[in-house]
């Protein structure tokens, strides 16, 4: 991938660069700290990867795209790693099969941490000197890439722990505070010819551009995401047993996987409970619903008589909204109910808490071109069969998100912190 | 589904109505005529249906949506058929499982033809009298529905016959005429804010509307579809073995299904041959390539350095182009090379020959609402995981196609007469 | 395969030989006569074959092993048939894949009957002249082979018709007569050193020999097979929900296939019904239970506190018992209750009605050697993973069965007319 | 299961009992000692279990069948373990699904070792006092059960390590000594009426009895197992590409799994190499071939013109042969070539090195009855679909094996140390 523009290299001193690198890298290791070597080695499904793999692959990125080509005298720690921790870069060479990532007891977690240290030492040295602008852009990409994997590390280990009948906690629970329930209202947006996509000097992924003109008709957007309580009413109304609300492919999944509630939900004594990174908990009816597929989000919206927003509508509505919210740094690691009163004409919780499914397929923006070489495999080749989500979640690093950020997952995926916000024609 | 507007009912005399109905119905039976009862009973894959099933299901449509609710005293021929020939209408009730349609030796082809006669007799009687406008709209839908199945009948039986080592012909071969090869040129279209989708009184499917404003940037479109000869060069250049041209999901399919050429192609003595409805034949290098998936179309376009058009671009380019072409009525039942010189500023072969993959996901147009009841299941619930194709093919009935017509198939589907036309940013 | 000894060739006049051939061949066509071309073309599961295929494959046997090598000037009707109708003879060449046999609408049933006529004409000519003894043995094998396929033709078409929601009949129902219920008693057999297996001049399959010494301990055998009524008590006692009665592999099948009664049974108003070749019928509590797997037979026996007999025990008990019974010629095509009083010291219904599962794995007898060439593939290569059944069924030709006859099916197979008879240690 | 007779309880002092228990238990932990927590947590296929699971399950056996019912005041360490480490005992209750055993990062290896200590402390206390004879029999069973799992622990972790592209060693390599090649000769055994199966006071599994009379015809047995060099000749003669040597089910496996050599073999520069518990090594042409399925053993024997022995033949030939050999205690952990000259009239390497496939299906001996209760699930319910192997292997504890010992695996299993010895009719 290539950045639309580059990091403002001139003002970045070596110290700043090193510190920025150190911060992001340390955050990954901090997320793995509560886990044992065994927790870090297992893979709960082909879509998820072992924690250990995330720690290694993010280092592989710097080794492969920065150090090996650009750091004089750099020697890889182990030549096998080039294949072992290559995720999907055909132009780099062979890849160890994704569904088998959980078959590797070696290298151990200890070995992987040593690999990280090896890469970090070389990176520190490289960053201490003059770095060409193009290479700084690749490093910036590597750090944003690592932040993506920080989020996946948490969603993947949650999926693993949730399968364990011992119901282990990732970390002890959070202090639940009482909240005054807020109710969503509709906020109207005028349509018109506008511009969509990233522009400017700051970092963005290539799939966020090019910025382009688009006509968007008038629409209304809910001021809040849909809550657990609202979603439970859909379940109680037979939502999972009434095909009229579902896309055909969604109804097939409901049958095939026997879905009857969001992922991780269970019912005990007529009370819904859910598995969280702090262990089992009652669901909070005022918190945003999460761990639902696109199909469930879409079915819920039809049940209400509304629809999902397009990603263009979402981006227009998010423009100018402060990017505050419940991100990974809060330590909640779960969506929370809105605590404070919010102005009724600005959508709340647009950032953090839950990724919001849009009704837009993940496709290239007009004028998008895939970059040459391995970096070109970063985003473009996944533009098929996936839907766009916007806004970040409770396990996204705060500095990672933007109003133009396009996340994407297949419509049946549920293990991400995915939720929804309703829209209506204007 | 609902029509945007209805057929111009006032001017349709009973005779015209009966004749229109008779024509479409007779065409289905004519397509089945070259086939034996055994040919009509078998199902070659879950995506395809037996010919017999197509003949029955199209009758079921009229029985279920027209006769049973609206024809006084109408008695279904067999009550089991309501379930047996229900394709996917959950609101009508249970459905016989799609992958099992080829497990039914009874009702026989003879029984199914008797079922058609039973329905036709009742329909003739109904049409001979005054028919309310709303019901006329449902009947029109039923006839367009039957035309869709006429096309599927041919693509499905082709798939069945192609699996047979005896290489049977559906009908004897066509006289091949020599053609003067034409070469594609780029035609430039100005961008701007325009309107897309169906409007007016004539019939259309609900997914073709509502007509809505959209901004489309300037683009170029090839004057001709990609030919077999051009596609063979992609194969010879290792196209099926170079991941850099492929979407990730497409590359997975190439590996999994071991694709190395379009469906039905085989190689003998370094010469490509293909299976057609007239049996085995050499490929004509000047005829449009067909039986390729979206993934192959997309990979080919990248290899060339171009891209697929969006469905909006295609529709703008098709506006005003005469809807002549190689349709089912020609009897060729296979794409043909362009015979005549064509003006270089008007795209040729936009209609007929091959459905053209676009890079647009099949999604609702802004403002689209699913109709209530069973008819609402016609189109809307399939708006997930499919790509739009435009323009009709050599097995589409001529009167069935429109410039706003949106066909849709999953990106890995190859058994339709699907091809491609290249586009470029303007 | 080779016969232990050969047919008594010297006394077989040409007329007798031709008549014997004609009889068996005509019986196959008679079995197909109630069926339509569509009935004969479909394949309900990979284990079953289309009726048309049985008719063709049995002709292929004579063409391949008799006519092509031995009839001067014989020309195959169609060279493709050599591959198309080869079941599993690797030494003959390629085989059309078994699960795809239902994908062939051509050759038609009409073509297959023509193929039979073509083969029969050549066979009649060959048989009218002197035939070498070795060739007569192959022809005898071909006729017994055809009788095996007559049974399979019926069990396979039953499986197909049973999947059809129209519940078609193969032939109209049989007159049920009232019977005086008989109760099984134990018959004691002394053990000792004895001889097992076929000997003598008459035809037998190679797997029935060589006759060999074996020590069999004293045992008791039930005078009658287990009945539907007895088996229903097992179901009502929770037999399908209590793992303690089941082999581990059997319990896995119960879970996986959700078995809760014999194949074709259904329950309406607390009354068991079953699908028969005469359509749906109530079960007769006094008739032998059938369409059960080895696992179900074994579990039932454990529930009773008994066991299945070994094939050696069965053969010793059958020695000298008249080979009368309910075979295909009775037209019942379903197991029947014993009508007449039977002596209490001779096991009844040993022949006909239902194949009886034994607890013997299908393995070679001591001294067994596979014959050279294609005929050697007839029996020996299946000696893995199957259990022996004895005695023939209601769809076995009477002249086909012997006390030494070893039938074999995998332990989970249920579509044959398989039942059980209990045994005890002596 | 029940023992035929019990351990000679009267002479077993408490000290001896405690020491015997301690020895076996310590051996398990010693086998796990070279492995990391991660090595111990992973599961390479549903047939194999994580090392950690073996360590826990063998403790579960004592907790469930000895301590919970018989040790006053015993409290399980964790009530979840009853389900989590139940292998297949339906009568004990639910079982955690076998294919998911590798999904459990908790309990950790550390927790499992604590579980072992908890059980061992209670067992030591129990054994220090008077123990009823019946309970001693269950404890003896538990220790033999643990020895079985010691072997599985090694075969399972070998399968895991072999999948790892880093090719890790379980322990460093063994010193290879030169050997004088020995050649197998045939040893003739007279047939006759004899007795088969276990008798006497010493421990045996229930499936080894009852001892019973059987007639075995004269036979010949090879003096040595088949070697790697001999097996390589079969490969070089196209053995894996010639269906005439294979059982039908075996040929299917060859195609499906694309077998072309024993498991773990690879070819580099025309030289066969294999993966061992000491890492990659060249194959020793004089050592017994191993990691072959029953199908491969059977095909090899046919290629030679011989056959596999029955388990009765094997047992008669092993009678009186000293039970010395290459067992787990040698530390080789791999089959070795015979070092010393052996008398030509006594079969060598009958015990240790490789399990020898017999042509006997794993079925109950005449008179065998499954014991009541959970212990009855030990052996009997697996008597379906498996073949008997005899003699123990290089990873079997020496004290675990007997001439009457019946091991059993499905005919396609290859991850055990399985080989073959040839036989002929006498």
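Order as written gives the chain letters A, B, C and D; numbering starts at 1 within each chain.
Note that in this section a contact is a pair of C-beta atoms (placed from the backbone, for glycine too) under 8 Å apart; a residue touches a chain by one contact, two chains touch by 3 or more.
Since this is a predicted model, take the numbers as computed values, not measurements.
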So if I look at the partners of subunit A and the partners of subunit D, which chains show up in both lists?
none
In terms of mean CA position, the chain most removed from subunit C is A
Rounded to the nearest Å, the gap between Cα centres of subunit A and subunit C is 60
Counting in whole Å, what is the centre-to-centre distance of subunit B and subunit C, each centre being its mean C-alpha position?
48
Euclidean distance of C-alpha centroids - subunit A vs subunit B, Å
38
Mind pulling the subunit D residues that touch 2 or more other chains?
none
Can you tell me, using the touch rule above, whether these chains form a line, ring, star, complete graph or other shape?
ring
Could you pull out which subunit B residues touch subunit A in their complex?
88, 90-91, 193, 212-215, 217, 243-244, 246-251, 294-295, 302, 359-361, 363-364, 366-367, 370, 381-385, 411, 425
Residues of subunit C touching subunit B in their complex?
36-39, 41-42, 44, 80, 83-84, 96, 100, 102-109, 160-161, 163-166, 168
